[in-house]
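Look for subunit A in each of the two complexes below; its partner is subunit B in the first and subunit C in the second.
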Partner chain A sequence: MADSKNSSKVSSDKTDRKRANSPYADATAKRLKSESKTEKPNPYLAHWEDESNMNNGFSKGSPFKAFKRRQTTAKQAAKAEDSDNNPFTGQPHSQQYFNILKTRRNLPVHKQRQEFLDLYQKSQILVFVGETGSGKTTQIPQYVVYDELPHLNHKMVACTQPRRVAAMSVAQRVADELDVTLGEEVGYSIRFEDKTSSKTMLKYMTDGMLLREAMHDHEMSRYSCIILDEAHERTLATDILMALLKQITQRRPDLKLIVMSATLDAQKFQRYFCDAPLLAVPGRTHPVEIYYTPEPEKDYVEGAIRTVLQIHAGEPEGDILLFLTGEEEIEDTCRKISLEVDELVRETDAGPMAVYPLYGTLPPYQQQRIFDPPPNPSKKGGRPGRKCIISTNIAETSLTIDGIVYVVDPGFSKQKIYNPRLRVESLLVSAISKASAQQRAGRAGRTKPGKCFRLYTEKAFKEELIEQTYPEILRSNLANTVLELKKLGVEDLVHFDLMDPPAPETMMRALEELNYLACLDDEGELTPLGSLASEFPLDPSLAVMLISSPEFYCSNEMLSITALLSVPQIFVRPAQKRREADEMKNLFKHPEGDHLTMLNVYHAFKGVMNRGEDTKMWCHQHYLSFRHLSSADNVRAQLKRIMETQGLELVSTDFHDKNYYTNIRRALVTGFFMQVAKRENNKIYRTLKDNNSAVMLHPSTVLGADYDWVVYNEFVMTSKQYIRTVTGIRPEWLLELAPVYYDLETWEGQKDVKQALKAVAEKMRRRNAMKGGK
Partner chain B sequence: MASDEEDDYMNMTFGEEPKAVTETSLQRRQRLKREGEIKGRVKSKAELAAEEREAREEALSKSMLEGAQAKKSKGFNMMAKMGFKGGALGSKDNADALLEPLRPEMKDGRAGIGLDSDRKRKLDEAAKDQQKKLKVDEEEFRDRVRKEREQARHERMAHGAMKVCERMDEEKQQLEAGELGGDDETTTKKKKRTLSTRPLKSIPVVWRGLVRRREEAERDRRMKYDLEQSSTTRLPEYEDDLEDADDKEAMGKTPTTYALVEDLDEEDPELDEFDALEPSEKLRRLVEFLRNEYNYCFWCKFTYPDAAMEGCPGLTEEDHD
Partner chain C sequence: MTSNESDHDEYDDVPLQHKRPFGSGLKRKRVVFVPASSGPLNSTEENTTPKPSKSVSDLYLSIVLPKETSTAAAKEQADKDAPKICEVCSLPVNENENAKLGTIDTGKTEEKTTSRPHEASIAHQVCMTHSHPPSAVDRSRMGLGVLQSQGWDLDSRRGLGALEQGMQHPIKVTPKNDNLGIGVKVPKNLPPKKEKVQKLDAKKVRKMAEEDKRRHERLRHQFYGNSEVEKYLGPG
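Our next item is the complex of A and B:
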């Protein structure tokens, strides 16, 4: 009792301060006033902060007895955590729970729990800075849960993550820490997978998922607190969420927002959120010495290999982390370094070294290997072994590997970039930013003082690297985002208060594309088709294709193709067994294109599955990725559910009908008519209209040379330009299915294409006339 | 009053319509063949890549918000309806907002960060140097060559003048020695010998360089000779009683004593200063020295009997033209 009185006193004190500090002081003050006026509990606001109601909610022995929502203290929480029974489930705590609790209390963030609660209770928006390893991702949401008591007011706490894997693994970890079953009190929600229940009070989710939810719940009314984690990564969805929540918090004073960032660039967040208070928790870091090369590198991969070997030969114990750009480069370098190290071991007294690759599409069990301890000395008393991890920039912020003492940073990463003038979105190897370089260096100081070897000169670091990596929103095609924003009820896209607004032309292009897809009308309003398309967690073109597929009697097949296009490459092509892999791929080859070939694979896969055979084995034998095929299968099931709820028919043409594949190809055109290329000569194709560039078919394509007109899924921009995942089409379909885009009256693209299309139109007219004549 | 003959100033045609040149069937066939060849030629990869790059650059540099095309764009019109009036998107007080989309930078190969700019910088520097050189060449080549030739000529003449000085000096000393008596060959030889061993500093600076350089060359030659000999001298020697002094000398067994100029190894700032002068100036001083000391005109090649040097047209070469 005494405790409760005490805390209420403190809190009244705090609310005074809150008035002064809160960014929306007026709104908060108003709400407080109206609350103090209503003496009687308002039954409609029972879910808000009706304490009397709440206290009644606890059984007598509950550890939460003395708790008052948004007025709790760290002490109270610690007491509840120490109690024998789980305060949320009432079940006795397991032994494992107490073991974990001990380690949790050693985390840097734990020391500042009270400080955090003070600020949290005082302000509606809080910026939280915690370097990796501070424990913020797992602990802060729990602190909030103990203060929000979501099981009583039936409003959840959400914590967003940029990556699906992180959302899943963190949710599992926090479920263990709270001693509850994953999917019940603590759950996660990611695209194509929802693991929550009515009991869920803390939900980890991808930022994209929260955005999707907001489309149907503009006020985010299911949540009392939203935590945006890893905000420094500035993903597209996080940026949109920040702008949305900035608006929603003004309308909903009871909604709290915590923006968590791992870098010290937090002032930008503070400024953006009207000078919200900031709390910083130091991570556990050691000093890192930085070395630059005296001369620029001629070949950064060679330089990296050399540096790794030098470290291995000359530096004391400690693991190495090398940053490279992509799967192929990483695998290649892994091989080279392993060979060189073998030689080094043979010729000198160097210790053994284990080399591991790390990149996003690596299967989880292989990713797990990076946490293996380094190898033992090859002989007793020999030099210690070490491991070398060669990674993309996923090891930069999201993954923490202990034991890393040496970082080798060539200064590159693969980055998505979109330019509306070229209308091409592609992954390009680009120089990283200073902030990124700093982050990479920091990875060396996790366990003890470390060293970072930068494969560029100090001058280049100062003069050539940009300060911050450009946020995703500036590097993306915004068609999907604009559609989402429209669905979110944002009318004025031009003045939508984003932290970093995109270039006007990017927005213009997005609006145009959506207009061609008939998702927006000429006024910029959402059409019924657009509204329907936004229900699918897909690119608008894919969504439109799926929605129109019943008209072509192939919605089942289009579902499969869409699912297959939403997962990484299903064909596996190991460097040593390219020929075998290609031979296997030829088994599924459909001469009319890659989309159909992929469909063949999927059908075969399902056949094996239905016969109850070992699909994993089958995939392995046929050089297919079991993981990606199963995930495509899963995605398909999710999309199918959406199709059903939206009342879209699931139909197929009879397989023996000669139009079976034609229908599918025609359906492809409804989504991909803006991604068409026409053959210019033997090997060169040219993309159409304002996206006018010469391209070649990607070597992976199965398409024979029989088609002058093709649709493509992906434009690959390297030193050469390729189109990838290609299927042949007939030009008539373009005129028939996308008459607005291929309106010859207003055509301003290539003249020869116009001529060709005109001829096609003429042929069509004559044929129709003949039919009419008969 | 407008008459029909008057020019219709609203007429849109200007002057005479160009007559369509009729081409013969032969010309036509040739033209078609030519065009076909151009069309049918398979472009090299490098050409294609260059074309692609060019096309991309052009597309990248063209804003979609400008020009008539933009006004027709539905996307632009939608944005205009939302209140877009040019400038950046977002709230008004966001000064960092982008005006132009980011440019994709294509990276070829595996050059490290800073290599391209480093190369470019070096190329730029080299190009600049080259340009400078070119300029110099164009404007001053003749000048420079002429000057160089002139300098070489002066240098040669200065050397000649120095020799004259030495000869004059010798003659003067001979004359002095002759006055002292004993005018036979051997004494002259001896005198000559003493001349070379006389301290360098006592020689007037204008021709001291000549002697010094000769002495230096001599010293080097001897040192080289000694070095070659030294390996044999270290060996135990066989004493042959039959050898007399002449034999020994012939065999090179007598230790040769060199009478080197005593102050050869000393620094000589006075001479350095003189050597640093322009050849023309050296020559001028030498000429002056000869005139003052020996009443000799370098240009007339004549020793005048008295200091007035009557008959000599002047001090400079031009005077003697």
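Our next item is the complex of A and C:
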């Protein structure tokens, strides 16, 4: 993150540079020439056979003259890097480039460049371990580029990242380091945004994007080397990519794979990839002393607050990082600590302390504040100030904050857990793993020796914490994954070689969900609808809803709703101004439900935008998130493009037609018929079928008590069970639009619901008979 | 080895109602032996298979019960002289015990032997492969059908994956709605909370007294209003 600070300046410099008559044209011409030479029967192996030929293709002055693909040395590369002209573009290097080069050469990985190249050239798969700060994410892909020479053989190098932000900022940084323009030689590709060109040789991308690409290119033939970064995070997409690439590398001996991990459990990766060689680079870390409580802590939040104050009062200079679980808890604790510190300052001579929250949904400018320097002493010669960052586990791996010396770890985090019996994915507070605790402790030793205070006993650490955090694939709904796997051509779901295969029950549930959505047939084969649905980077239910929306003459509207459902909550409700925020929300209120209310917001937002007014101001006034609304707008544009390429009609019902909203609600049912609740009494609803639980409408809903049947977008499990984002529907639609799921012949359990649906069916039958009689 | 043979006969001869339910700790208890009526046998192979029986439960048991005990026993018999390692639990088999058991011919002496046969030891029992009760998952599920068609066996107690090494059950987590730290044990039987002392004003007291009185009256009426009681007590 810190890297991206000075990057914007650099890129602007570069765009100024003239590119008009660059020797690039020559380079392309040469590339074409060399291509025409290599007319061998097997295009895959062409570059193996013809390396000598290709090398002849270099112009005399090229720094790559002596390079042989996959036989280069660190010395050669260093020489090329030092040359006056950029070896890839032919442009002269900027001064900035040489400045960066100097810092790059100080990174821990640089010392092992030759060692890396030796191993890389020798083996097809390589496991690379480097702690955060070793420079692996930025440097290793460049080392590979200098060895693969991708501008000559038309095959790219890809480096995956679990997070979009990381992919974008790292790509920018590496573009600066290579002295090229972002989007040309170095680019990135994330969901809903592709910043690459035909020149791109190094591509940073989210792991999900590479997976989507693989759906159309099962051999990943565009790449000569794939680097899976942050593999220790074990995201769903990385896990699937590992299994997929394990297969592909057997079919394609020319494809190289590097798995990069930040933690030392890399042996697991090694074992999984048939004892691939491992290279470890030490990070820049300092020792961290670890402390436990002698007795379990009764209240971990209170314990955490007391610990922070204790550190502030008694420990020497250095910033504090406290890990808590969620937004509300963090904001609350921020307030409490600030108050307590004020008191502490008044009573003793303690220095000032700045307290910052940090969580995923925090707006970026507020997230940036954590990088502010700590406050100055309140008076001259007074005790130094410090900052205290209270964070969710995003500060555990993904974000590096320098200056942290003290870590307070209560041992909890919020984790997504999927329950296939209830078909509910929920965020639950649970104890962290040992690996995670160690990672947290490590955050204290980034700048100097640090201390970690764990709010549990050593015995609890040893006996109660699990070894490793469960990888995402074991904690997720697999409906989307199964659809992707089917599209990726994976036939045998049972023996697909995943590192941690999910429970059979989760798999069965995913298959059944897709079956109900008609994406898979009864034998588990992909249907045309399923194939189409997999084109959308969406949940299958949303994709199916979007695909069927033209039948209800409301695909434009469903496009908006889908986009709005794929971004975080658009309504802002600050703790101090709840009433005002709710009043503003009421302006957009649609009595039939939250989906329609969100649609109203979007239409109003677009209206403001089209009138050319200040949308940011307008959002601020109306307590809406400008960031999320504009990203919804962006998502909508992308989805629209997919709709168009797939030949799906974009239609709307006339707004004055009385069926305008009814059509939308009916279209909602086609995707969400598995997420329906029926009212039991006054405020209690009961969700149907497998997830048979009593729920309440989330307090944020605009829906009154007018509807006995509702569809919901989200099942929220907290101290109470809520359904969030609800819209009222008519039970007839369930029987009409999802006859398989609501088949009364095979209905089991929930007798009252069956009775009610039977009555509805009877009514429908009679009405039809009447119509027929007329 | 007669003891093993009789061991098998036991399954057939025990009446159904005395059979322990399948799966309940197979042979934790001491095994009781009786000498075979036909005397010691020369070949063990002949009698390793249990007699066919007409009982349905016997048929079921013959399908689900592995024949491990018998084959293991046969092996033991074969290389009796060598120091043997039990195939099932890979523990050394105590020669003396077996020899002793071989010579037992009356119930009395048998009761006196303090050591048990190796097959009866807990270590051996625990290591024995035995089939599990079938899974309770609904067999008509579409997802199950797909997995089965790809070669997964629901009752095999295996997961997914290349070697079917994956987890068998989804992760279970109970929601945590308190701030208790890690390792805090909440005692199960907390003393019941003391009820708050209510403050009553005159009006409430009057009301309560009235209600009390009414209830008392009603009870009395119910009791004395009963005709049978009245008859018994007599008029007056």
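Just so we're on the same page, the second predicted complex is superposed on the first by the 724 of 774 C-alpha atoms of A that agree within 3 Å, B and C clash if a C-alpha of one lies under 4 Å from a C-alpha of the other, contacts with A are read in each partner's own complex, and residues count from 1 in each chain.
Criterion: a residue touches a chain if its C-beta (ideal position, glycine included) is under 8 Å from a C-beta of that chain, and two chains touch if they have at least 3 such contacts.
Small disclaimer: the values here were computed from a predicted structure and weren't measured.
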Subunit A as common anchor, with subunit B and subunit C clashing or fitting: clash
Quick one: classify A:Arg509 as touching subunit B (first), subunit C (second), both or neither. both
Touch check for A:Leu422: first (subunit B), second (subunit C), both, or neither? first
Once chain A of both complexes is superposed, is A:Val405 in touch with subunit B (first), subunit C (second), both, or neither? neither
Between subunit B (first) and subunit C (second), which does A:Val572 come into contact with in this model arrangement: first, second, both, or neither? neither
If you stack the two complexes on chain A, which partner ends up touching A:Ile227: first (subunit B), second (subunit C), both, or neither? neither
Now for A:Ser719: first (subunit B), second (subunit C), both, or neither, which partner does it touch? both
Subunit C has the stretches 2-10, 110-118 or 182-190; which one runs into subunit B? 182-190
Let me check the overlay on chain A: which residues of subunit A are in contact with subunit B and also with subunit C? 293, 296-303, 410-412, 417-421, 426, 428-431, 455-457, 459-460, 464-465, 470, 474-475, 491-498, 500-512, 515, 522-524, 717-719
Flag every residue of subunit B that touches subunit A in the complex, lowest number first. 42, 48-49, 51-52, 55-56, 59-60, 62-65, 69, 72-79, 81-84, 86-92, 94, 96-115, 117-118
Subunit C to subunit A touching residues, read off their complex: 137, 141-147, 149-152, 154, 159-162, 164-173, 175-177, 179-185
Subunit A residues touching subunit B - in the complex, by the definition given at the top: 293, 295-303, 410-412, 417-422, 424, 426, 428-431, 455-457, 459-461, 463-465, 470, 474-475, 491-498, 500-512, 515, 520, 522-524, 681, 684, 692-694, 717-721, 746, 748
Where on subunit A is subunit C touching in the complex? 293, 296-303, 410-412, 415, 417-421, 426, 428-431, 455-457, 459-460, 464-465, 470, 474-475, 491-498, 500-512, 515, 522-524, 717-719
